[in-house]
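Chains here go by letter, A, B, C, D and E, matching the order in which they are written, and residues are numbered from 1 within each.
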Amino acid sequence: MDSQGLKPRLATIWLGGCSGCHMSFLDMDERLIDLALRVDLCSSPLVDVKEFPNVDVTLVEGAVANEAHVHELEIVRARSRIVVAFGDCAVTGNVTAMRNAFGVEDVLTRAYRSTSAVVVGVPDGADGMVPRLLPRVRPLHELVKVDYFLQGCPPSADEIYTFLNELLEGRTPTIRRFG
Amino acid sequence: MTGRIEINPITRVEGHAKVTIDLDERGEVARARFHVLEFRGFEKLCEGRPFHEMPGIMARVCGICPVSHILASSKAGDRLLGIEVPPAAVLQRRLANYGQVLQSHALSFFHLSSPDLLLGMDADPRTRNLFGLVAQDPDFARRGIRLRQFGQRIIELVGGSRIHPSWSVPGGVARVLSSSACDELKGWLAEAYATVDIALTRLKQILDRHTEEVEHLGSFPSLFLGMVDDEGRLAYYDGRIRIVDAEGNVVADRLDPGRYAKYLDEASESWSFMKHAFYKPMGYPVGAYRVGPLARLNVATTAGTQRADRELREFKQRSSGAVCASFHYHLARLIEMLHAVEKIEELLDEPELKSHEIRAKAQLNRRQGIGAAEAPRGTLFHHYEVDDDGLIVRANLLIATLQNNAAINRAVEQAAKRFVRADGLQEGMLNRVEAAIRCFDPCLSCSTHALGQMPLSIEILDAAGTVVDRLARPDQV
Amino acid sequence: MTPEELHQRRDKERAKRSTEEDHLLCCTAAGCLSCGSEDVLHSLRDAVKTTEANVRVSGTGCLGLCSKGPLVKRESDGAFFGGLSPESAAALVPGRADLVDRQTLAEHRIEPTTPFFALQQRIVLENAGRTDPERIEDYILADGYEALSKAVTEMTPEEVLSEVKKSGLRGRGGAGYPTALKWELVAKQAATTKYIVCNADEGDPGAFMDRSVLEGDPHRVLEGMALAGYAAGASQGYIYVRGEYALAVQRLEKAIRQAERERILGNRVLDSAFAFQVDIRVGAGAFVCGEETALLASIEGRRGEPRTRPPYPPERGLFGKPTLINNVETFANIPPIIRKGGDWFSSIGTERSKGTKVFAVAGKIVHTGLVEVPMGTSLRTIVQDICGGVPGGGKLKAVLTGGPSGGAIPESLLDLPVDYESLSKAGSMMGSGGLIVMDDETSMVDVARYFMEFCMDESCGKCIPCRAGTVQMHDILARISRREAEPSDLEMLAKLATLLKETSLCGLGQTAPNPVVSALRYFREEFDEKLVKHPLAENTSRTASERRE
Amino acid sequence: MSVKTLKIDGEMVTGRAGETLFNVAWDAGISLPRLCHVGGLSDVGACRLCVVEVEGQSKLAAACVTPVEEGMVVHTNTERLREHRRLLIELLFAEGNHVCSVCVSNGHCELQDLAVQLGVDHVRLRYQHPKRGVDATHARFGLDHNRCIFCTRCVRVCDEVEGAHTLDVSGRGASLKIICDLGEPWGQSETCTSCGKCVQVCPTGALYLDGASVGEMEKNRRFLQYIVTAREKREWIRKG
Amino acid sequence: MTPSTDSGSRKAAPASPKSKAIRDNREKMLERSMSRHAYAGNALIEVLHTAQELFGFLSPALLRRVASKLHLPPSRVLAVATFYNFFSLKPKGEHTAVVCLGTACYVGGAVDLVQKLEHRCAKVGATSPDGKVTVQVARCIGSCGLAPAVILDGQILPRVTPDQLDAVIDRILASPEAAPADSASQ
C-alpha cells in the first residue's frame, strides 16, 4: 500500500492494555511537534478519525483480550503496511495476560458478582452490549503477522522516538530490551 | 420510528467505550447509555501475589495515572505493615502526586478537550485534535505539551521513570531525591504558572459561547465526594472524605477512607464493564455521586494556596450551592493545576524532601490494608486482604471514574436529548454527546482496569432491531 | 555345583523325560495368563491325575501367538492349541479325548507349519514351548548353563570376549552399539569393582519382548549376565526390571534363588574362582529410566534423571564404578553364542546386523504376538506373511517401529529388510522391537500427537528442550488435530524437532521428535490437510465458551 | 598436569586436562550463554544454552560438561547455535509466568539479559500460563514458582555449599517444582539455615528477599567462589 | 501411577490401618526391609516400594521416618517419591482401574475407555467422590496382545469395550462396602 501524500501515514490503536504506551508516545513531548511535520497521524485514540484508514505504520498497544480486539486487529493488519507490537502487552501479553492462569468465569465472578452489593447483571457479553472476553489473553503475533516488536512497559519515549526515526529513515530498528 | 443510535467508539477519552441512544416512536431520544467495553480483571489476576509487588502490578491498571495507583497501593501496603512512613517518603509521594495531577489534567485539557473548546464542537473531525491545534495555535499547543512534560518530569525525577515508576513501596519510597533534580524542577515553575494562567484566561473567555453546553452537558443536582484535610482544604495524598449535596450542604464529613465500605458500595449491570458506585445510606441508584476536580472544589472550603484560592472563590460564585454543571469540570481542572503548581513549589523548598531516611521496614502486621488517594479523576481506593504470608487473598479497587459512572450516564442522556435528532443526524450532534463524556475526563482504563478504542458507527435500528439508517463520520466513506 | 554335576543333572533329567508319554506345555506368560491359562494349566494337571498316562504338564514361556491365547503346545507332534477353555484343554491329555468331541479339539488346533511358526527362527525364544521357566532343571535340560560352564572351565575371559566379537552381536536395546566393544571397554578398566547391569526397563509402549524373555526364560538372562561378568571382570550384577512386570520379578527372584542354591551363582560359580551374584532392582514407573545413566541413578536410589556423557558408564557408571549395561535380549543371546560359537551366530542375519530379532507385533493385525526372525527379514514378511496382515480386509498404511523414539514406515517401504541401518535410513529405528501396525483409518497426526504426549509425560524435566519442547510440540500437534493451526505452526514444529534432536541431554529428548519427523516425511499431506490459513476467522465465529485453547 | 591445546572460534587456546570447554572459553574471553552453570557449583548440563559445535562430532556438546581434548576445533557462535539458544530462551518464557515488567528482578535477571543478548524480541511459542504459587512463608525470603526455570542452582548450592539439602526438585517434566523438605512451606522447614545462598544464586526473580518490589532484586554471587576456595583450599580470596 | 499388573502381582496393600497390632507389625516389616539394606541411602526406592506395599500410600510421616532411618535429607526422599509414577502420596480408592494407554491399546480405542471411566468415576489420577474407584492410566503394561486392556485391582481385563467396562463399573458400584483389600489375600 502506498502512502497517499508525501508524508508516511501513522496510526496508533489500543487494545487490552493500560494506555501507558500511548502516554509514553506523548512523552516524546515537543518532539511530537517535529513528528507531526514528518508523519501524518491518521488514526489514533487521540484524534477523531474513527474508521481505520490505510496506513504505512500502525503501533498497536495492548494484548488481545476480547472479541472486539480480534476484529480490530484484523482490520489493522489488513490496512497497515507495517504492524508494530507496541509495548509488553502487545508483545507478550504482560500483566493483561496474568488473568490467563484463572478462567474467564472466575475473573468475572470476582470482579462483578462478589464485589457488588447490587448485581443487576454481569457484563459477560451475552446480551451483545459488551464484547465477550477471550478465554485467554494473547499477544498480537499469535493472531496476525507482526513486523516489529517494541518491548517495554512502556517503551520509553526515547525508544519510541528512535524506533520511529529509524523506520522513517528506512533502517531496520534493533531491539534493546526484553520486558 | 423506534430505534437505536450507537456512538462507537467515543474518542479523545482514555478508553474503550460506546454510547447507545434509544429512540421512541416519534424518533426522539428515550434513553441513552454509556457502555464501557474493556475489562482486564485486576481484582483477580493479583490474587496470590505478594503485597510488596502490588504497587508495581497495580500501576498497570492505568498508564495515565499510574502514580495514583502506586500511591493507593503503597498506602494499603503501609497499613499491612502497620508502620509510619518516614516524612521524606510522604513528601516525595505528595510531590509525585501533584506532578501526576498536573500532567493528567494537562492531557485532558490540552490534548483531548481543547480541540472541542478552541476549534469548535462542529469543526472538521479530521483536524479536531491536538495536531489540528498545533497547526492553528502552535504556541498554545506547545505550552500544553510542555505543561504535561513538567508533570511527567516530576514523576520521572522522583520515581525514576515517567510511567509505572516502581519507586513507592510499602513502607516508603525506594529512591532518594537529589538536589539537582529539585533545582531542575524549580526551573520549570515560572513557565508552568504562565501556561496555567493563559489557559484559565482562554477558558473563561469562551465560557460565554458555551452556555448551551454548560446547561446541557450534564448539569443536574447530585452528591459530590472528595477528600479534604481537617481545615477543609484540598488534600490529595491524605485527608478524610467529605460529601456535599447540590445545595452545598455537608452530608457527611470526616469519614475515614479506610472504612469506605461502610458508606460506599457498587452495583453491576450487564451492559457495561464499569460498575456503578453509590452512597450507601441513600441506596442505588439515588445515592450516585460525582468525584474529581468539580467535586473536590465543591467539597473543599478552601484550596489552601493563595492563587488557587483566588480562583476558587470566583468559581464558587458560579452557583449558590454546589457547582452542578459538569462542563465546569474543565474549569475546575485548570484551577487544580494552578493549585498543583503552587504545592509543587512549596514542596520543592522542603529540606526534608531530600532526606535519605525514606523507607521503614517491618514484617506483616495486619491482614487488611486500605489505601486511598485523590487521583486526578477523583478518589481512589485500594483494598487488600492478605493471608498469613502476605499473599493477596482478595483485592478490591474503587476507582474514580467508576464513581462518576452514573453521572456520566446521566450527562450522556441529557446531551443526547438536547442535541440528537434522529432525522437529519449530524456529526456535531454526536460530538456533543462525546464532549459530555470528556468533561469527566473518564479514565476508562482505570475504571474497568483496562482501556481501548473502537471504530465509530451510528446505527439506527427499527423496533425489530434491524438497521434502518447508518451514520458514518464524514471521513469514513 | 561343579560342571560335572551340571552334566549329570542334565542327563538325569533327560533320562526321566524319555520315559514320559507326552509333554503338554501351557503358556504362562502374562498374555495367556490374563486369558485364563492358569485355569487351563490346573485343568490339565487334574486331568492327568485321572488317567494312568505318564504325561508331563508344564507352564512355559510365551509361545508368541498371543492373540490366540491361552495356548498349549503338545510336544509329541509339535501341535499348538489356541483359545482353549479349561474343559476342552483337558481333552489333550492322552486317554481323555472323551472329554470333548473330536471336532472341537480340531478347531483349536494350530499346525506348527502355519507361517506364524514356520517362518520364525528362534534363538532368544528357543525355550518357549520347551521349558518351564520356574524349574531350573528344565533350563539345564535345554543345555542351560552349559555356556557358563564352558566359559569358566575352558575359556579365558578374553576368549569369551572374542567369541562375542566374532558373533557380531549388537545391542538389542535400540541403538545397535556393538556388544563386544562395550564389554571390552569395561574389561580393560583397572578398577577392582565393576558392575553388570541388565536393563529390563522395557518401556516403549507396544513392546513386550523383554517381558516375555524374563517371564519365560529367566535363567537365560542370568547366564548371559554371568558370562558378561566373567568376560568383563565383574562379580556383581543388577537387573533393573520395570515395576509393571511383577510376574517377571517373581520368576527372576525364583530363578536367582535356584541358581544360588545350586551354586551356579555365588562366590564360586560352578566351582570356579569366578564369583558372580545378581540382585534385582524394581523400577517404579518412569520411562526415562530406560536411558542408561537414568537407570543407574535409579539403582542408586535417586531420581531417574540422565546425566551427561562422557564419562560413559563403562568408565564411570554405577556408584562411580565401571559398569556394563545391556538389555535383556542382548544378554539372552550370549549363552547360545558361547555354546555354539560366534561364527555360528554371525552366519545368521545380514552383513552388519547379525542374529535374530524379536518383535512384539500389535495394532491392526490378525496375529498379535511375539515374532523372532533373522535380521534382514523384510517387514512385509513379518507383517503380512507371519502375522497375517490387517484384519477384515483393511488396508495397511504404515508400521511403527521403535516406539516413541522410532517412526512410521509406510506401506511402500515394507520390503525394507529389518536391520539397524535400513531402519534408521528410513527415518525410524530398530528400537527395542515394538512393531505397531496401522491401517488406513489411523490418523498419522494423531499417532504423532500420541507419541509426543507420551514423551511429554515421561520427560524427566531436567533439560529445557525436552521438558518444555515436548509440551510445545504437543501443543502444536494437538492444534493441528483440532484444525486450529496454520502453516507457520508446522514450521515451528520442524524447528522444535531439530532443537530437541540436537540439544536434548539424553536419548529420550533427542529421539522424541522422530515419530513427528517421520510422519511429516511420509504423510505430510495428512498434516497439510488439517491446517487452516486464517485460524482467526474460524475462532471468532464461535463463542468464547466453545473455543478451547 | 597435562595441557591440551585446542581451537575455539579460530583462536588457539590451552586448557588443563579435565578442564571444561566452558571454563577454557571463559578464560579466552568467550562467555557462553548459560543458566544452570555457576562457578563454584557442580555442573549438570541442564540448560543446554552453552552447547557448541565440535568439528568431527555429529552431536552438539554442552560446554560446561565437556572436557577439553587435544586438537579440538570448537565453534561457539554459529547461526545454528544462535537459533537453538534463542528457541531455548523462548521455551523458558513460554513455560512459566515471567511477567518481566512487574518482576522483582526486572533489569537484573539473567534470563531477561540472555533474551536481549540472543535477540529474542518476542516468543513464537504458546504461553502455557501454568497455575503456580508463591511460597512467602519464610521470614526473610520468598520463592515464586512462576519464575522458576529449574536450573537447580539453589538445590545445588544448598546441598554442596551450605550442606543442608533443604531444597530439591519434586515431580518431573512440566510439573517440576522446587520443594523444601517434605514439601512443607519454606517457613516451616526444620533444615533451612536461612543462609540465603539460594536466593543469591537464582538467575531470575524466583527466589527473592522478602519485601522486594519491582526491579529491586539484585543478586550477588561473588561470595560463592570465595566460600568454595576457602573451603577447598583454606584460602580466603576476595576477587574484584 | 501404575500399580502391579497381573496375577503375579505383589500382594494388594491394605488401604486403612486396622488394629494397632497389625500396624505395629507393618512398622516392624518396614524396619526389617531397611535393615536388610543396611539402612543404605541407595536402597531408597526399594524401601519406598516396601513402605507403599505395607501402608498403601506414602504419607508424610512415613517419608519422614524413611528419610531419618536412611540418613537422607527429607527433600531428597520426596523428590524421589514424586519422580516415579508408582508411588502415591495419597490413599487410593477401594478399587483401582488402570487403563493402558500403550500404543497398541491406544490404537485399539483405549481413549474411549478413559472417557468412560472419567465420566462414571473420576478424572485420571483422582478417586471418585464416594471413595470407591481410583482411575489411573499406564503407559503400556506390556500386554499389547490384549489391547485394549484395563487393569482392575490387579486383574487384566483383555480387549475391553466401553460397554463391558460399563458393566464392570455397575458391578463395582453396586457392591456393598467392599471388603478390605487385605482380607482378599487371606
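Keep in mind that, in the parts below, a residue touches a chain if its C-beta (ideal position, glycine included) is under 8 Å from a C-beta of that chain, and two chains touch if they have at least 3 such contacts.
No experiment lies behind these values; they were computed from the predicted model shown.
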Chains in simultaneous contact with subunit C and subunit E: D
For subunit D, the least number of touch steps when starting out from subunit A: 1
Remaining touching clusters (ignoring subunit B, no chains moved): one piece
Relative to subunit A, chain with the most remote C-alpha centre: C
Furthest chain, CA centroid comparison against subunit E: B
Chain whose Cα centroid lies nearest the overall Cα centroid: D
Between the pairs B-D and C-D, the one where more C-beta pairs touch: C-D
Inter-chain centre distance, subunit C versus subunit D - centres from mean C-alpha coordinates, in Å: 39
Gap in Å, rounded to a whole number, between the CA centres of subunit C and subunit B: 73
Computed distance of Cα centres, subunit B from subunit A, in Å: 22
Geometric centre distance via CA averages, subunit E-subunit D, whole Å: 37
Sites on subunit B at which at least two other chains make contact: 57, 60, 164
Residues of subunit D whose C-beta touches two or more other chains: 101-102, 106, 124, 126, 169, 171-172
Per-residue overlap in subunit A, given as positions that touch at least 2 other chains: 94-95, 98, 101-102, 133, 136, 153
Subunit D contact footprint on subunit A (complex, rising order): 85, 88, 91-95, 97-98, 100-102, 136, 139, 141-142, 146, 149, 151, 153, 175-179
Residues of subunit C touching subunit E in the complex: 30-31, 33-35, 38, 66-67, 69, 202-208, 211, 242-247, 249-251, 281-287, 298-305, 319, 360, 362-364, 368-369, 400, 403, 434, 436, 438, 442, 447, 450-451, 454, 457-458, 460
Contacting residues of subunit D [partner subunit B, same complex]: 101-102, 104, 106, 133-137, 139, 142, 144, 185, 187, 210-216
Touch list for subunit D against partner subunit A, complex: 93, 97-103, 106, 112, 115-116, 119-124, 126-127, 129-131
Residues on subunit A engaged by subunit B in the complex (per definition of touch): 13-24, 26-27, 29-30, 32-33, 36, 41, 45-53, 62, 65-66, 68-69, 72, 75, 94-96, 98-99, 101-102, 106-108, 110-113, 115-124, 126-127, 129-131, 133, 153-154, 156-157
